[in-house]
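The data blocks that follow each hold one structure.
Look at the two complexes coming up: chain A is in both, with chain B in one and chain C in the other.
Our next item is the complex of A and B:
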């Protein structure tokens, strides 16, 4: 084994990746796609959605692949009946936590949560839903946030901080009460730091942040963070 | 199944827009084939007053929104071998459940709809069944065997599920179903 690399098995396939690589990335680089909702190429990992849970032999626990780094001799299972059940449960919890009504949502058919439900075969939600009634802020000229559709993936917060570099967005409160806020909990129109760059709307996996009057299929751009970073690093 | 050899099918319309029933009718000429194999024993498109005994398959459109519907749903469950949630209102609550996030009493909901938002001749409805606190998907009240999603579900999907059930197979919804 050369210095700085790690050998492990993912779904029975032996792979070699640089030390410190997260399982999600190690799998992706070797053609194994682990489903996820909060992870986004170009942003730091968050580990919030629990969709990318994987099994590691020798441990009864499940590990989020996006924030678990590889180690030598590790044997990872990314797809099993058990994992599928847990992933389905996680999606159903996300659907139950707030008020998700696809037929009246701007993101219907352009929604990663809906796609994930379809991919995993979630045809109904077994949990009783909360029917949240959180604040909708449409004070900004064209950006709108409907917190009832938010799955707290924090992609918007991370892209605002790490790519745009202004950190207008952040979270207040904890657990299911968490809310995405602007500055020190101002209305969006009163935010003095927001540059109106739209990156938050581009990376939002659901219909929580969108651009008024613009088709959401046109707004969404999952590769925006990676794209900007690649361009910036070009010499 | 009856002595005639036909499968006894019922359809029910709870709190929905009837779009799912329209989609059922959109099976067009396939309805003629279907009619050879099924007997429609109860439906908003058939003039039958009582939900009968010994139903093989019951398709239910709409969310569960009032006490009369709850009683109806329980009767249908008790008298049907297979019960199917037809369309998003039955599966998720959908538009019918929009009032849930308002978190108000049944009286306030009725007043909002029939008094505050009425354009012509506003009046307090006094003969409607008592609303449930929340509009719910069917599976929160009774066991549901199959879910046909869609707003409305496509005629093809309804036809697929019925054809499979009539052939004695379990419909495979993988790749056919769309949440919400």
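Our next item is the complex of A and C:
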């Protein structure tokens, strides 16, 4: 079975990509970067952060580029004024949601949320900020989770399930009260399924999960999933 | 009759037998025993009637039946005596002897106790609720004698699956879950999908505060839902169905469980239905108290046993639903329309309602209104007719202020919009939604800022937390409301509310987030002066806000 190709326009540029490609990937392969927070190559798409929303001409709706596949003749706009405004809004909502203070954060200067705010020109937060006091779990030998910095992108949950294959991490509660937990809400040290593989810390876009005593620049490794998957395939 | 394997021709016989059986009774006393009337003591009334007919020696000519909702929930327990459709209101066990003595023995209806508000029923058109309050939901024979399952027999005997879909498409029926997607089109998509097995999910996860239309339907006429599902299954080629129902509806669950068992025993469910080569199995699935689980894709996750979190669409459930198989998801109200459409033809259905929105819609009418209850009206009826003619207007001489249409994520509409016809498109245009069919009437004692705050709080609690706008955004909106209603509101707040509301509406993943800002946006649009009053003068005319949290 041969895989067909699809021609479409992204920001006016005509591109040709394999059928079934997601808009995010199609754009990236052609040098157009659509900002995103929850998406990570090698993991299943989540569609939660809503940063990568794009416009498709002919529809009044907005589409998340990470989970919308290309189709022939599609004309995608990735950077209209409205989208820029909406992305800034989403980042401001994330910043106001929990306790994000860059100057005292372990991930300062290695943080995707911080980078995103800089890149989008978020110079203030229009909402009252909510200073959360969620539990910090440092019971594990070297892995730490500070839930006050979590943006609920679920990258850690997906990498734990899909790459490491243990599904130690998951969510409890719902809505604004959602929290990442280990096993059935155990302290990390008591988790019987965690293999201490560190992948969660590597994919965390912010300073919510990190490795104690290790330079953060060394920990953060966004291509971890792709790296492992290609290694496995190569045997 | 239980345990009898029915064949196609047997249905008619069962119906005739049952009609003869019921004709032996001169009177039929229908006592509403749905969730609305039971708290008023309906079960005691039922018992009292059973005792009274024996006492007066009329038990041979008088059948006492336990039925579902008659529709007048505000004056329960309601009792309907046939023939003549005499509707008694607020019946108590003490009054029962008098009714039996005068009405049954002497043939003189007790005028003082009769329901007098005839306008309540005049403007209604009961299709979905055709059997509600008339049949005993715990007896399948009652449903069959009222013409039940004959539409299924007609499908199996004389129609192809395409033929059924054609009729449904002709009828113009649109999904009653709120979004209003064409039902015929949806069936066509699932029927065309070349991936097996296929599934059907009936949505009975009615989570909106103050909405009880689906519950009432399930309690009053469970077999209409089952028959609708059977016909849908025949049309799209599904062999397995689930009814997803909230655990908070114990009576509806019990009624459905019994109905499914009866249908199975009579070979209306299972293998070789009516001795034909058609197979369909049905199971109940219970929700665990999440509003979002009523969302089309979250319901799938929940049926599969996962967290009720919505999935992105596309892929649409018609192609990739339950366990990635083609799945038809319909609200139970939509399904209950199906037997009628098959029986009478799609064209017949288009004569009810408007040209773009055919048929009827059930509404739960609540709030500051004289006749709250469950109503079914033709599409296109005006809001004024619903609120003032059927609902009887606002009680205690107060003034009508606004009506919230569409549940917690509906829109608050002012009196200037009362002439608006109720249909999907007109409602969307003014910022409201059809939603689950909740209509809440507010009088001049309610504060619109407080109302918007209340519904925002509901949505904050019920957001699943997957996408940023709905999870983080709604929580911020709620905080702004806290400020405005406690005296720390700023003029900037109005712009922030508007901006974030529009963003949450446009950028959220599922219907919950996309509609959650509706109460905020519509109150800002139609009642901005109240916001200004709260922010500038720190005053709340209705006296709801600026209370010390501890006091309240």
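Going forward, the second predicted complex is superposed on the first by the 231 of 235 C-alpha atoms of A that agree within 3 Å, B and C clash if a C-alpha of one lies under 4 Å from a C-alpha of the other, contacts with A are read in each partner's own complex, and residues count from 1 in each chain.
Heads up, the rule we're going with is that contacts are C-beta pairs under 8 Å (C-beta built on N, C-alpha and C of every residue); 3 or more make two chains touch, one makes a residue touch a chain.
This is a predicted model, so every value here is computed, not measured.
Look at A:176: by the touch rule set out above, it reaches chain C but stays clear of chain B. In the superposed pair of complexes, A:148 makes contact with chain B only, with no contact to chain C. Applying the stated contact rule after C-alpha superposition, one finds that A:50 touches chain C and leaves chain B untouched. Of the two partner chains placed by superposition, only chain B is touched by A:100; chain C is not. Judged by the touch definition given at the top, the superposed model places A:166 against neither chain B nor chain C. In the overlay built on the shared chain, the residue A:229 is in contact with neither chain B nor chain C. Chain A has more of its residues touched by C than by the other of chain B and chain C. In the overlay built on the shared chain, the residue A:75 is in contact with neither chain B nor chain C. Contacts of A:128 after superposition: both chain B and chain C are touched. Using the contact criterion defined above for the overlaid structures, shared-chain residue A:108 touches chain B, although it does not reach chain C. 126, 128 are the residues of chain A that lie in the contact sets of both chain B and chain C, per the superposition on chain A. Here chain A touches chain C in the complex through residues 45-51, 53, 61-62, 64, 67-69, 86, 89-90, 93-94, 96-97, 126-128, 130, 151-152, 171, 173-178, going by the rule given at the top. Those residues of chain A that touch chain B in the complex are listed here as 95, 99-105, 108, 114, 117-118, 121-126, 128-129, 131-133, 148. Interface of chain B with chain A (complex): residues 85, 88, 91-95, 97-98, 100-103, 134, 137, 139-140, 144, 147, 149, 151, 173-174, 177-180.
The touching residues of chain C, when paired with chain A in their complex, are 290, 292, 307, 312, 314, 460-469, 471-476, 479-480, 483, 496, 499-500, 503, 506-509.
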